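Okay, so subunit A shows up in both of these, paired with subunit B first and subunit C after.
Coming up: the complex of A and B.
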């Protein structure tokens, strides 16, 4: 489906009849069915991908088939109701969060206008409270006394195929960004709810390809992109060569090297596509300058984990490679690159799922001697923590003027901000690597940051309009600083952001680039014995290449 | 429509208690049996719900971090919003439960031509909720004087302060919290009607407790300020003290208005454990708020963690790609089989 023109969408967002713009639907939400049309849903997972995942030990992805949300018949298993109710029962027993969040909501509405999907679409079911009610209504009907006695009066409703369709639509119009949970007086986290919805839908064979294909790739080849070991290596090698051309320094990086001190893992998107490539060059430059004893891995070549968007079993399985590879190679600890959801998995899930990592050591920077006690159990350090510590100890030198062509602002990615508390390390780094940078308005940064609109595996092209709508709050805050200060670069520490914000900026704020923080670090980094490639300015004077890393590739 | 139903339900409850309590002999039902039943259901139900929640484990450490986490020594941690120590978690929870801190953060977003989205602080809900909950709490505590004989000094002080007795003349003294409770209910109800988003999501069971508590407050106020001659406060106190000492006595002088009030309170107690009012218990147990953000420093245990889920093995990976790996100089565990001569 063609994406609406900017003027059109701009008008539609503000003037279209929606709950945001003031039009209250006359029909109760329970009487409003989800209607699928091309452009408002992400394509279902391919049959062979579902079959592949189902064949893996410990995973359950039944009912692989060819189906379409556009058709009436979704080819559900005959006992689908039983499957869902049993699945829900099981999960209520496994997750206290689910039970509490089902029972405690008072519908105060504090979350309603906190969701980027609601602000961009005006669809009432995109208010976090209503998104949760989609499940809560079923929970009440089958698991609570009030629901059994009073039915609809108590906000209960029966499980129908229509409900399943609604769940599919709205659990994939949530990026599990947790912004609503910041404002909820009980901390109700819609991410917990949509994670459960997605798990339940997978029990019926309902999932989207943009998540399950990368997930199965990651299982088999080690990364979402499906890069086989030699291709992965080639990609990194190319970046190293470009870096050598730019700096005159040969980059000594290794793959799958046993006995290295540190294993480095970053999202594979960083070695696959712009602008992530420049971020990866930043890592290479920094580690080279430090002479760090580290290795890349082709087996654990993915930092990201689409299992987080699928089921806790798949998340565990994919994440398991990090420790398995660290153990096999005999490294001391792991450094992780810039990525949002990857860091939610590492920070809040990894040690619980795949620990204890007692074969590793508490991370200690070989350059500064700093011991990262905040990662004492997980033994994995964020590249921004690692870099900020280097800067603090004066172990690396920068020429910020090399980044003079950019005036960045900083986008807090949802997960580092709201599921980790990593906010000031990137800002500290920015202070040192660019001549100047500015913040976006306070209600759109830090713990109140807005999602790029395409997280949790929704960065697929067939739902581009939806993505541009849900990304509007973020884009709008960027526009504010573009207009006010002339910002021309949106920096971030997330690989999904680097891909999705690029589309978002191209649409809402053309001319504003997107970069990873480590690109700015690498580009400003003064390396020993460097010979930066030179170019000429308009007057014919020799000078350093103005776009730094971006001159290459 | 949803509020009409809830409103009618409360009216029906009032009529039921009014008519019922006039039937000779039924005073015992409304004054003793139902209150005992209600308190049992309330306590039993509340405990049951909390135990049910507690039975489900918290498999993962999932606090919502609302500030800078503990990190390098020169990065300042936001101890309240991103706690790592138990004391910090307690402080966060204390402010959440007693000051509704998350609601204090509330903003209102507006969409303007451009498009341009603006956000402004919106503390109305926070204010309304505080007025409602605190006045209700004090009203409940104040009522203890009816159950206790003699009335302890601190309760008399509370009573004295609430009535602002030094400032008022005449009797009966007006309690500040009586007015505030009614005001709180009216404000919360008004917000539910006026805020279009909240109106759209509101269910009958969101309005019902509001009407019910409104009914309780009104009957209480009527009794104290307007229908004083219809009731006999001595008999009421006798009954209530009797209830807590398990020797209730009913005298004929207790008026219907009291039975209506007591019946509505009983209804609230019975309704409580089966409804959203359980947020009173749930707010203590929400994993996104009551957990420390220390999951990288300290291992959190998931009791149902499945050790059989293992990653796709390195051996399997190398077996599939060994040839490419060897060709491209990537170290392998097992070399390629020697090539056969052709």
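Coming up: the complex of A and C.
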């Protein structure tokens, strides 16, 4: 009797596709269409942004139009199937990795439960193996003998409008974080499958605004926000002024200075958005204390490269800008700030895409003499590598008690951790700049780190629910250290993280702040002739910068 | 007393069935049900942990205020997933029916079903609390969204000076109860 009621209860609460009664969908995944509704897709790119990108030499963004995922008719070009199949054929020929990834998966499922989107949604198409299968099924159908002969039995299917819609849904429910790749016995880089899906969709004029607008801004003015040189300069100048108010030290920074030893490039978000501003203050304070011969650039004013989330040609173009500027200014090498995906582009694509950067020198720290041979090809050093080396040689002094107001944990940002292996330097820095910090559980850090859930240009507000789902695994691990140790700050080395983890914490763990590592470095740094401003701490006692660079004075 | 003992004896079985039922609401739930590591499996792990705690509270005449913490653990997740309000809250009900079913199958304890009134009333209160939490989470989600939009808009429209973001009004905005 009771179970009969339970069944009735189940039926009464079942309306949508998420059946309370059935764990396994009764339909095969190929027959389950993608259903779009407000909140589960990012808004399409504005027509003029697509047209602008298409007008640029070397870029291909055809079929610009006004369309909506909510409408049945996506206004695809007439020969859309031909465009996709030719596009796929071209890419299979051009990228050997894609051909291998299409062929070598044995569907073992090792990746299936490693994706934060799957873990947050329970949607099987968010299992990396199945997400890749969305493309692989088309590949089999049109490019393999088995698929041509046996069709569906061989896991093949025909290209339909439904497939395009599915591609759009799921290639934008992947942040290219590459956690799944860590577990793949064949080393399949599922992020590259997503990249190909997005490239193919762009051939049909299908893309999202949150990616294409920053990308076109970056192409036009040098940064995502479209800030013009004078505005970018003003922003950095104001940060320097604030820093002078806080520390009593006048900051001597320069812009576009030819002959500087080092070019410094960081994500533009560090210059205009909280909490990245404090990270930028950290860079300014550190470089001032060192007397570093460096320059900012108002042309290469963006480390982020939304081309990575768009197409290989755009990625190459945006990356090329940084090196063109380094060449123009005649610097010896580049120091890069706390950015995430910039470092994937630098470490995994830059050398064969725009390299070799043989007009630059292998980075050598002017303070310690250390030669960064790990950056011999790219000529670009991560700020954390640079800082950790300074600490190692005792070249900077810290007072960790200046960070006594925070008890941080460290979030390994996906790309620095998995794409460049930057795992120990940030931890070494933390050991020296804060009185105490704690690690999150082992299976959520280092190369197994969970994504913030909003990377690859998915940090737009219209998909906030989706972002909260995909960010659950990360937030869940943070909650654990909050409950167990009283952690109140989530530190990281990525600008997208600083923006998106803030919203993620505001939902899952209110009260936990987010900061860049260089902010903590700046807070604790002892500067020559400093006179730190006074402020009031949480208990109402007056003391020097009780909230570090965030102190209101 | 006899009912308390029955709850103790069947606690594992009831909670397992309840968790199983709740996790069945996901399209692909095998992994959610199988993996017990809360960090590898946040949905499954938290659901198991929360419902285990909640069952103890429901069966010991606890103050309904105590329901909130474990309920929050599961409702905070379900509130932002692809569920309608009734789908999100629905599984909390299920424990009533699961408990009846299990007691019914035990001939020696079948008569205890007549004594389930207090327990079932506690479940009703938990369901109401779950709905409150669902609404709170939805409102919080929208506040997070508004906050994100506002902080961005402010920077773009009013400010070429980042330090103006330290103005008091923004500070107040950040302190919205989220």
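Assume the second predicted complex is superposed on the first by the 522 of 553 C-alpha atoms of A that agree within 3 Å, B and C clash if a C-alpha of one lies under 4 Å from a C-alpha of the other, contacts with A are read in each partner's own complex, and residues count from 1 in each chain.
Going forward, a contact is a pair of C-beta atoms (placed from the backbone, for glycine too) under 8 Å apart; a residue touches a chain by one contact, two chains touch by 3 or more.
Owing to the predicted nature of the structure, the values given are computational and were not obtained by experimental measurement.
Once the two complexes are overlaid on the shared chain, A:124 sits against subunit B and subunit C alike. Using the contact criterion defined above for the overlaid structures, shared-chain residue A:103 touches subunit B, although it does not reach subunit C.
Legend: residue contacts after superposition of the two complexes on their common chain; A:476 is shown touching both subunit B and subunit C. Counting the residues of subunit A that each partner touches, subunit B and subunit C differ, and the larger count belongs to B. With both structures placed on the common chain, the touch criterion links A:441 to subunit B and to subunit C. Applying the stated contact rule after C-alpha superposition, one finds that A:468 touches subunit C and leaves subunit B untouched. In the superposition on chain A, A:353 makes contact with subunit B only, while subunit C stays out of contact range. In the superposed model, A:113 makes contact with both subunit B and subunit C. Touch criterion met: A:5 reaches subunit C, while subunit B stays clear of it. In the superposition on chain A, A:159 makes contact with neither subunit B nor subunit C. Residue overlap on subunit A between the subunit B contacts of one complex and the subunit C contacts of the other covers 10, 13-14, 19-22, 24-25, 112-113, 119, 124, 127, 234, 441, 443-444, 472-473, 476-477.
Note for the complex: subunit A touches subunit B at residues 10, 13-14, 19-22, 24-25, 29, 56-59, 92-101, 103-110, 112-114, 119, 124, 127, 129-130, 133, 144-146, 150, 153-155, 178, 181-189, 192, 219-222, 228-230, 233-234, 255-258, 298-299, 312-313, 316-321, 324-325, 328, 346-349, 351-353, 355-356, 370, 373-378, 380, 385, 388-389, 392, 417-425, 428, 441, 443-444, 446-448, 472-473, 476-477.
Against subunit A, the residues of subunit C that register as touching in their complex are 21, 23-33, 35, 37-43, 46, 76-77, 80-84, 86-87, 90-91, 93-94, 96-101, 104, 137, 140-141, 143-145, 147-149, 151-152, 155-156, 160-163, 165-166, 171, 178.
Within the complex formed with subunit A, the subunit B residues making contact are 5, 49, 52-62, 64-72, 74-76, 78, 81-82, 96, 100, 102-103, 105-109, 111-117, 119, 125, 129, 195-206, 274-276, 278-279, 282-283, 285-289, 293-302, 304-306, 308-314, 317-318, 320-321, 324-325, 327-331. Chain contact summary for the complex, subunit A toward subunit C: residues 1-3, 5-6, 9-10, 12-25, 40, 112-113, 118-124, 127, 225, 231, 234-235, 238-239, 241-242, 271-274, 277, 441, 443-444, 461, 464-465, 468-469, 472-473, 476-477, 480, 502-503, 506-508, 510, 552.
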